[in-house]
Amino acid sequence: MNRIDKKLKEEGKLLSIYFTAGYPNLDDTVDIIFKLQESGVDMIEIGLPFSDPLADGPTIQDSSTKAIKNGMNTNFLFNQLKRIRDKVSIPLIIMGYFNPILQYGVEDFCKKCNKIGIDGLIIPDLPIDYYEANYKSIFEENQLYNMFLIAPQTSDKRIKKIDSISNGFIYMVSSSSITGSKNSFSPEQINYFERIEKMNLKTPRIIGFGVGNKETFNTVVKYSKGAIIGSAFIKNITENGVESIASYIDSIR
Amino acid sequence: MNRIDKKLKEEGKLLSIYFTAGYPNLDDTVDIIFKLQESGVDMIEIGLPFSDPLADGPTIQDSSTKAIKNGMNTNFLFNQLKRIRDKVSIPLIIMGYFNPILQYGVEDFCKKCNKIGIDGLIIPDLPIDYYEANYKSIFEENQLYNMFLIAPQTSDKRIKKIDSISNGFIYMVSSSSITGSKNSFSPEQINYFERIEKMNLKTPRIIGFGVGNKETFNTVVKYSKGAIIGSAFIKNITENGVESIASYIDSIR
Amino acid sequence: MKYTVDKKGFYGNYGGAFVPEMLFPNLDELEKKYKKIINDIDFQEDYNNLLKDYVGRPTPLYFAERMSEKYKSKIYLKREDLCHTGAHKINNTVGQILLAKRLGKKRIIAETGAGQHGVATATVCALAGIECVIYMGAIDIKRQAPNVARMKMLGASVVAAESGSKTLKDATNEAIRDWINNPVTTHYIIGSVVGPHPYPDMVAKFQSIVSKEIKSQLIEKEGTDSPDYLIANIGGGSNAAGLYYHYLEDKKVKIISVEAAGEGVESGKSAATSVLGKTGIIHGSKTLLMQTKDGQIVEPYSISAGLDYPGVGPLHAHLLKSKRAEFMSITDSDAMLAGLEVSKLEGIIPAIETAHAFAAFKYLDFKPNDIIVVNFSGRGDKDLNTYIDYFNL
Amino acid sequence: MKYTVDKKGFYGNYGGAFVPEMLFPNLDELEKKYKKIINDIDFQEDYNNLLKDYVGRPTPLYFAERMSEKYKSKIYLKREDLCHTGAHKINNTVGQILLAKRLGKKRIIAETGAGQHGVATATVCALAGIECVIYMGAIDIKRQAPNVARMKMLGASVVAAESGSKTLKDATNEAIRDWINNPVTTHYIIGSVVGPHPYPDMVAKFQSIVSKEIKSQLIEKEGTDSPDYLIANIGGGSNAAGLYYHYLEDKKVKIISVEAAGEGVESGKSAATSVLGKTGIIHGSKTLLMQTKDGQIVEPYSISAGLDYPGVGPLHAHLLKSKRAEFMSITDSDAMLAGLEVSKLEGIIPAIETAHAFAAFKYLDFKPNDIIVVNFSGRGDKDLNTYIDYFNL
């Protein structure tokens, strides 16, 4: 069974962390992964940085720009992750925009992920239809899950379709705002969480965007299997360094 | 008989000087007239300064601007000239653009000129037809001559008409260039001088524009009754002061 | 009452050709030939083709919905801002360059203030491959750098007028001087309905395409060919002359001519000739002009470089005195606010000259069914720096 | 070969909608409604009325006599420079604002580089009375101050994109982010035939008025509706798409697409996507783009702010790959000289984008009877400072 599914089957709510590979320093990637695992994080999204991350807010964009400047690229990341699987048991997901993956070659990219032991990919700008028509079989051959997003404006019909074709989890975008983390959620967001909850989807949902502290974490996990923290985590290591990871994670739960 | 006619009947060639009233200093007008008479000049054109003297070159324009700044205006000039006639025997002509005269009132202006003893006017921008239709009788009542211009492009027919209606002299513009005095004349100008000479006009001609030294003076008086010096004279008093008038006039003839 | 020029070149008491003898042959030639040339079928064909394919005519008569709502009437904008080079000025220069070619002239001169007429002249000279010299006041050259650059791009020489107040009036003097110096080779393209006869009439005729188009456009849009109001700004008065031309005899049509009051008619910094002017002679024409009691021409002021001329064309002096036109004076600040308002309501940034016409609206009492036609004489691109500074954009 | 978009939003191998899920509903709504809306008679009437009375269409097809003489062929200029706001961009924004109103949107966003599309968008928003936010790279805001002022005069907010290279590419990212954040209230007006489906098709349709007009204009002037050459500059490719639209299937008509080579294709400072680009994803579209081997998008360079986009629209990628269009790359210096030449020969100062198309002439071999139609995509007023500096005017 895919490590993602295994994790999702566990009791309790999941905390997943997104960070940008190569940030703050080129060689921090592996260290951050270890520290996250040690802190009890359930899942990790390793961000493959892109020059034009148009679904991300300024924090992630700045970290991506910096990481590319630091020298991060696809091959370099694969090299960093080469021997990691032996030491990390939690699911590892690569999250990145489609163009760098396309340039690497989608098949080569998937093969490499499989070899390293990556469990899944999140590619926000790869449309579902296009994925199904062109890449689905490649992903399956390489035992890679491709996780899809849903957002507040996504229609019920489309959510049901996404549910029906999903592996692993659905990445549920908490709001239509990508300007980074907030301290609380609006009534409309809570309505949205409840509405989706009531749909009784077969696929577990993890909520991301706008989660960044204990309060928001506790809120979203009421309506889902877990939460993804991205911007807030990056902001923390920008301000307090990689050493502060454990205490940051402790502050969340 | 009008002093202008008397002067034109004299033997020899005439030297006429134009200067701008109120330049270089507001009170120089009378002094310059005396000095000109003493130097043996035959006729004087007293320039009534105008803000926009569009038929004049930069030297006369600058002197006009300065004179206006100094405080010169029509009334002031008339006051300066009030008692001059007793002391000056040569013809005095006022040369000025039409607008200041129009504002003063053409009839009042002419009356005042008559009272002071001005012999004639030169108004470059008063068209002949308009003069004849509106002002001729006023001029005549006030014993004022209105002198007309001819220029290289003036047609023979028009020259003949101007000749037929002229009093005093015809102001013959030496060239179509108004950029001030030059040191010599072109073959085309000489042709023009000869062409007009051959027309045998009844009215004597005085040539102006571009006369400024002995050589040019001697050339033009071969083809006319005399010459008017304007820019060159003003340039001289600008550079050498009013004191230099006698020696400047001596240098011409 | 007659509003066209008479045989002697006058509009009632105004007009004529008060020029030195040196210019008599040029004006005499023009006066004798211009009507014949411009009425010639061949000329008309060339002129109309260029207006269509080069200038971009007919310009639209645009119904300004949001302005109409605000001022509770039917407001139409005659879009001269869409003409090539950005203002009505080119209607005239296209006509005059064709005339100059037929007169056999090899060289063109023109005066310019804001640079709009200079650009329009440089443009047609490039088109015709004829040498072009533009006179511009030294101060205006500094103020209007982009238009100077445009003229140079178009191959024209720009000569600084360093005399007098170093602005439009002096540039005009310099151009006239150049013409006196080069009477045979050169045609002088005057940029407004000013100067000696036959210029005011000739320029008005070339601009009359504006009201000619409006007549048929209004029929299409409103079923009548005559509006209730015509409103134009007046510098020298060429865009106004074009707007009024075919309506002068039609007394039902009210005419509003909007001048620049500058900082206020009584402020000493104004260009409101209708109030401050007296009959006099400027640039060869008898008309209303701002002058001292001694007859020295006064330097006018307006925030708009196209309106700070100390006179108006003789046609407009006549329209004022005969009460055919009503004159209004609009201050800098009213004009600037109107420029901003039009921009925000209609998405068209007017030249500050044009903005003066709009500023008159709040002082007028339109009825809901009144049809108002405003001459949108030019676009505001040339005035952006002024707008930026004024509104701190 | 088919050159129109297929049902999935592709031109051959290029196109599509590679956008995050958050934008799916917006694009889905657009995709489902845009054809129906823009084919609606009511829409067509509004659109055509605005094109006529507001934009100033039809724009002339002008026979450039002196250029034709120089390049020994029959050269026609499609005068998009005469459009309101000075370029073809407004054909698209007028269409999209009418669409946005019918979609019930209350707010408009747009990206802009040189500011031309930003001005065209701010303009139609003022016209419609709709809130307008323009994203513009922080560096471009400094470079293009006059266009920033125009947008503000028109009531738009201009927001600086401070991310990445702070130019057009980043402004586009910021606009997309805004749209993600405001999916319900807001319509995003993209300024070229780029971005996710259905934008490339929609923008091309709004620009297709250009070739539609040419067809009837050419018949009138040359007795045939098809030229021998169509020549356009390519930034994203919207003016080119408009010029080619009705001729794509007519293989007798040669198509020349002119890109910016910047300081030279191999100089490292270029925007010649046809040579330097590889297939990839940019701003939601699969097309040719300039990128590192890792797939990071490269910052392009051209002296012309409207051409320094790192990609081309998917239609153009398809026209290149299918050999329907020939691409040429023109350096800054060739373009600048061509801009000066056109100004002096025809009296029309081109935008530097447009000048690129003219610079191609000297590398092409026209026959005396060849009919060449160039899209004169915009006027050079916005580029005066660049011309001034470059030529020391």
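As written, the chain order gives the labels A, B, C and D, with residue 1 at the start of each chain.
Just so it is clear, contacts are C-beta pairs under 8 Å (C-beta built on N, C-alpha and C of every residue); 3 or more make two chains touch, one makes a residue touch a chain.
On a predicted model such as this, the values are computed, not experimentally measured, just so you know.
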item: Set of chains whose contacts include both subunit C and subunit A; value: D
item: Chain at maximum distance from subunit B, centres defined as averaged CA atoms; value: A
item: Distance between the centres, which are taken as Cα means, of subunit D and subunit C, whole angstrom; value: 35
item: Separation of subunit A from subunit B, taking each centre as the mean of its C-alpha atoms, in whole Å; value: 96
item: Overall pattern in which the protein chains touch one another (line/ring/star/complete/other); value: line
item: Every chain pair meeting the contact rule; value: A-D, B-C, C-D
item: Residues of subunit C touching subunit B in the complex; value: 8, 16-22, 24-26, 163-164, 169-170, 173, 176-177, 180-184, 278-284, 291-297
item: Contacting residues of subunit D [partner subunit C, same complex]; value: 52-54, 56, 59-63, 66, 79, 81-84, 86, 122-127, 129, 145-146, 148-150, 152-155, 339-340, 343-349, 380-381, 384-385, 387-388, 391, 393
item: Residue numbers on subunit A that touch subunit D, as the complex places them; value: 50-55, 57-58, 61-62, 65, 68, 73-75, 97-104, 124-127, 129-130, 148-151, 153-155, 158, 173, 176-179
